[in-house]
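Encoded as structure tokens, here's the structure I'll be asking about.
Residue numbering begins at 1 within each chain, and the chains themselves are lettered A, B, C, D, E and F in the order written.
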Amino acid sequence: MTDQWLTSLITETPQDGFALAVTLSRRGVKTTQPDVDVLKKLRPVYAEDADSLTAASQVIAINFQTVAAANNYWR
Amino acid sequence: MTDQWLTSLITETPQDGFALAVTLSRRGVKTTQPDVDVLKKLRPVYAEDADSLTAASQVIAINFQTVAAANNYWR
Amino acid sequence: MTDQWLTSLITETPQDGFALAVTLSRRGVKTTQPDVDVLKKLRPVYAEDADSLTAASQVIAINFQTVAAANNYWR
Amino acid sequence: MTDQWLTSLITETPQDGFALAVTLSRRGVKTTQPDVDVLKKLRPVYAEDADSLTAASQVIAINFQTVAAANNYWR
Amino acid sequence: MTDQWLTSLITETPQDGFALAVTLSRRGVKTTQPDVDVLKKLRPVYAEDADSLTAASQVIAINFQTVAAANNYWR
Amino acid sequence: MTDQWLTSLITETPQDGFALAVTLSRRGVKTTQPDVDVLKKLRPVYAEDADSLTAASQVIAINFQTVAAANNYWR
């Protein structure tokens, strides 16, 4: 993991901040399972299970709390 | 996802803030499963399972924390 | 959802704040499943499952964090 | 629920604050299932399941965050 | 539970704070199931289940948030 | 556990902070199951289950909140 993917939590808009929260959530998954082929195999099952989707949304919500606070809520 | 759907976390009332929290929660789902037909198919199962509903309420609660803080709790 | 149900997060006492947290948690459920008959049907199963009850308590706890912060912890 | 059970979040010591967090967690359960007999029936099953115990500990942890913040962390 | 086990959230180092977070998490379990023999019986099953371990780590993470804030993040 | 593994929550960049959040999450697991052989045995099952991966990402997100706050969000 020598690539730079996270240089700042500051984003221009709340929507960009939400996108960053999605990125952080996916990174959390990729850190545990770095094999992209496995991740691709899991996606179809996962993305058609309502509870899995809610769980994914929850991780995004938690990361969005962090990003929003970092940006002083874009006030 | 080029449409603008989140330009501000500021809302006029707490109730509007709660509605925004619901929007954020649904976006988190839609980001992972963008196919609206799949989402429609999942809804009936999902919406009649008590634990799924509690889980959905939890994501809304987490997003509401963010929106409420952004609005300085509408004090 | 045109009725006004949330005009303020400020409550007189911590106990009123806890009651508001319960209201917020239930609203999160009702937003996802607005059919009251379905909700009534789910309740008996749900309310006799320990893990469901813990999950419900968790959502209340998250919403209580928000309400307590809004009220500056009734200090 | 006309009895007064929560008049303040302020406690003398962190340990008292932890006890209050436990009380809040149990109240969250009791609010959803007020029938004490049902709760008693659930306890033996519940208290011998490791995942249920972890979930209970998590709700306490969330409520302890609130109580600790209210007390300015007893600093 | 008359023994004193939590007199302060302040620790000398972040690592001590993490250890305190572990203590708080275990206390949350012990409060719900005080019988040490039952807890001992549950451990082997629990500690070899990946999802149970993640759940335990999550409770520690939540408690660590509290302890870290109490210590002003040892800045 | 006499080794020093956590001397500071301060990191130079957000990406280093995310890596620290991963470390904290793994420590939470290792604290509950210190036997590295068991952990190794669990990994293959765990890392191919979408819900387990989401749960792992969630713990990282919670720890990242702590690390980000400690670093004043690298603003």
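Criterion: contacts are C-beta pairs under 8 Å (C-beta built on N, C-alpha and C of every residue); 3 or more make two chains touch, one makes a residue touch a chain.
Small disclaimer: the values here were computed from a predicted structure and weren't measured.
Novice: Hey, what chains does chain A share as contacts with chain F?
Specialist: none
Novice: Fewest touch steps from chain B to chain C?
Specialist: 1
Novice: Same or different, please, for the chain C to chain D contact, judged on whether over half of the interface numbers appear on both copies.
Specialist: Both copies touch with mostly different residues.
Novice: Taking each chain's centre as the mean of its CA atoms, which one is farthest from the centre of chain E?
Specialist: So the chain farthest away from chain E turns out to be B.
Novice: Greatest Cα-centroid separation from chain D: which chain?
Specialist: Most distant chain from chain D: A.
Novice: Rotating chain A so that its CA atoms sit on those of chain D: what angle is that, to a multiple of 5 degrees?
Specialist: 180
Novice: Need the CA-centroid distance for the pair chain B / chain E, whole Å please.
Specialist: 31
Novice: Quick one: chain A and chain C, Cα centre-to-centre, how many Å?
Specialist: Computed from C-alpha means, the inter-chain centre distance equals 27 Å.
Novice: Among the residues of chain E, which are close enough to touch at least two other chains?
Specialist: Within chain E, residues 46, 49, 51, 55-56, 58, 62, 65, 69 contact more than one other chain.
Novice: Edges wherever two chains touch, nodes for the chains themselves; is that graph a line, a ring, a star, complete, or other here?
Specialist: ring
Novice: Name the ring's chains in order, please, starting from chain D and stepping to chain E first.
Specialist: With chain D as the starting chain and chain E following, the sequence is D, E, F, A, B, C.
Novice: Considering only the defined contacts, which chain B positions touch chain C in the complex?
Specialist: That would be residues 13-15, 18-19, 22, 46-51, 53-58, 60-62, 64-65, 68-69, 73-75 of chain B.
Novice: Note which residues of chain B are touching chain A in the complex, please.
Specialist: Contacts found on chain B: 1, 4-10, 24-29, 31-33, 38, 42-43, 45-46, 49, 51-52, 55-56, 58-59, 62-63, 65-66, 69-70.
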